[in-house]
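Chain lettering (A, B, C and D) follows the sequence in which the chains are written, and residue indices restart at 1 in each chain.
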């Protein structure tokens, strides 16, 4: 028996997508021969201008999870279109480009530039980054802003796009409905949760911006709930993101209604995660159907 | 050296408060001799009418945490005033009564009845229960509703009260500011996160209401961030709630700005948690000050 | 401390815990303990087990590995110490007169201690197969297995067809809910009034605080398995609702 | 697989891992491995360690227990297998000419493999105390400890006051950031241009994807410790900023 999953009219033999910010543009993984098992890869965030990112440390571990404060570090869309996308053309799987902006207008501006490249399969519109002052999750908290961004993006591309939502502010279901109204082809549920670590001896937070994005296998039930509620609220497909560390997690998110499932933090630990997860999923489905 | 923590003008030799819903009215713990180390106990939710609570199962474990769907089960304020509060008068520590309502008006109605009892030290106004259809976290998501509830409560009692906020919808800092404006003496940050488990083989959620309140030691960094941001936003004291399972967690939340720290889920596992945590906190503070 | 550990059937373990005198005195038949199965924080809650029997300085529990918590517990070695709360809850009302004990699978785990405290006329044990069937020494027992690998072949209810209900003035019943419900339905009404069931529910605290362990009550509302039970009069439970919640 | 485990100093361990031929070939001096320290999911990320040396079928790492991950690793027994990624990153440019190796504390962990691949004139090692001072056989070494318990008493920079910088055409430098910065500041400018530093940063992936391991670059922006480094030209780093981020 063969299993298929579908996204934006295309069929894949795996439900696994590599999450933004944890797979680069897929090139390192291609070199390591670690892309098999992945249906697609979402790039790190692309912004209009080159962005150095936040001051280190950018990764801080807590007892049961990870705080990151990368801050959308990337060389800017021009450089990406010029040097990275041509290289990414040799990827064996589709590339979805993750896009961020400091203003509402920057989203279509970035995408217009990306449109010149034949490489992107689609876009993920990141209105939910917890690690930047301007834009980021502030956008995602406001349904009207989400709708406006989706509408602007929709007007400059015919490629499919997903809007990546925030769990930190506002209502994720209302934001999803706004994205749908604005013309998004799917939503990604969701970005990292706002988290923080404090050194009680010094009274200081290791992250320079104090708060960061928190991810952990222990957050899976939070994603399951948000995926389920979002699926009830919209008719466009939902991509799940958050907390996946084993094949059962993938199946749980699919059962909650997701069409595909992203893996991020776990991929940093296991660059071969996509293959492991896909195989595990298929094995479980086969054993279940017996 | 002796350490003190303060809440509502009263001094305590422990920063630990027992969280609502996990300590009953403190009577079982008193019988077990497990109240030492606790500064105060917050009662389970009290509602205007007797509330049977949600259908079982009400407790479902996930790999790294706990989902609950209790649904504010309680015998109603009249019965509580008549039989439970008189018993609770013998508690060796102050009792804070947690109050919930299906309508905005029910909050002051419940508190008016509680005012007839000399027992409550103060109240915790629960605008954040994830496990009920009416009221609950819907209230907490709307700053104007939070402000109105705080104002109504303030008008019927001179006892101090804290408003317990939700991390699931809206903006926790705006809700905190609304509570402050409405006259709250403090805010509790925060109630459980919306979570869900799915059985992928059956496609069914074990909880009858599908989603429940998720708690876990792994959520501590989420509470730390929300406490920190809330402390930046308001001048009233912040009580921390969520993720505490060891003395370091307590100190981290205090360092983030909390005046006192609640323990809930961990108390269910360790009925002597308050004593353990207080001792650990004092030991760490002593070793640090050397 | 785990003084003794034995795998009495495949995947079914008997643990003997050294306990204090004060603990022993309260370890009455039908009461339970809450065991912290892992030293790490996960799983978060403890796991409840009926006190199977007590000796002069120890108690025993008998448990089956069914999931993560019991698996971790089964991997704990003799000599190690585990945190254990209890004895908790209400046990059997140890009325005089002859008793009939009816147990399904691990439901019989609490019967050794109970049988030692009462006048046990007959014990009826059922299980899916021989490997799941507890044996309890020194008590007149009739067994039945679904596959016939030990005793008769069939369900507990099949065995019960020949029982002289009115010769027993007390009945103890413990097993899967569907089995207990079927047994109660086939009893004469008078027997129901003398039947005590040992109930199970997923527990949070185990000591009455969290309202997590609800069992639908016959009078509406819910009973707390941990403090109203776990042993309850059969007629105190709303069996239709209770069966319903277990899908 | 951990073929050998030895506590060479209190809290400092040497692990020998059996590895494949392909792995060995790429295990050049200065490259590192990412070790999955726990079988459970926490801590979530791997831990990076410099490849200390290689033999015909194995590599060694030398590490100090400083926190949870290294503690767990130290508790792993000989014969157990661990997931290990690598060799990762860029190692030393193995230029010809005489080398000066300067190591602070565990910074010297990578020197055995390096010394075997180059013409090492002198190795200078510093540590807080004797118990933190690595010994590396067969190489001319001068040591200094802060408490004087081994070698001279003082800091590495004290030892370096007498060094004839221009007799070395290559310098390898590894240790705490403040120490490396002080060493570079006391060097003649020409020596700086031939100095390679082995950098450290908290890592996410270790293989270039996450942008987590940033080190402030001399030309603005950030370098990735894991793929631009860990071995970097001393002049590629913005030392003021880098020291700043470590409070």
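The rule we apply is simple: a residue touches a chain if its C-beta (ideal position, glycine included) is under 8 Å from a C-beta of that chain, and two chains touch if they have at least 3 such contacts.
Everything numeric here is computed off the predicted structure, so don't read it as measured data.
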Exercise. Among the remaining chains, which ones contact both subunit B and subunit D?
Worked result: A
Exercise. Taking each chain's centre as the mean of its CA atoms, which one is farthest from the centre of subunit D?
Worked result: C
Seminar exercise, completed: Per the C-alpha means, the centres of subunit B and subunit C lie apart by a whole-Å value of 34
Seminar exercise, completed: subunit C and subunit D have mean C-alpha positions lying a whole-number Å distance apart equal to 59
For this session: Report the inter-chain centroid distance for subunit A and subunit C in whole angstrom, where each centroid is the mean of the CA atoms.
Result: 48
For this session: Specify, in ascending order, the residues of subunit A that touch 2 or more different other chains.
Result: 63-65, 216-217
Seminar exercise, completed: So subunit D residues touching two or more other chains come to none
Exercise. Based on which chains are in contact, what kind of graph results: line, ring, star, complete or other?
Worked result: line
Exercise. Can you list every touching chain pair?
Worked result: A-B, A-D, B-C
Exercise. Taking the complex as given, what residues does subunit A use to touch subunit D?
Worked result: 21-24, 28-29, 32, 44, 52-53, 55-61, 63-66, 68, 70, 73, 204, 208, 216-217, 245, 265-271
For this session: Could you pull out which subunit D residues touch subunit A in their complex?
Result: 36, 41-46, 68, 83, 85, 201-216, 220-222, 227, 241, 245, 247
Seminar exercise, completed: Per the touch rule above, subunit B residues touching subunit A in the complex are 62-65, 67, 141, 169-171, 193-201, 203, 205, 210-211, 214, 216-222, 224-226, 228-229, 248, 251-256, 288
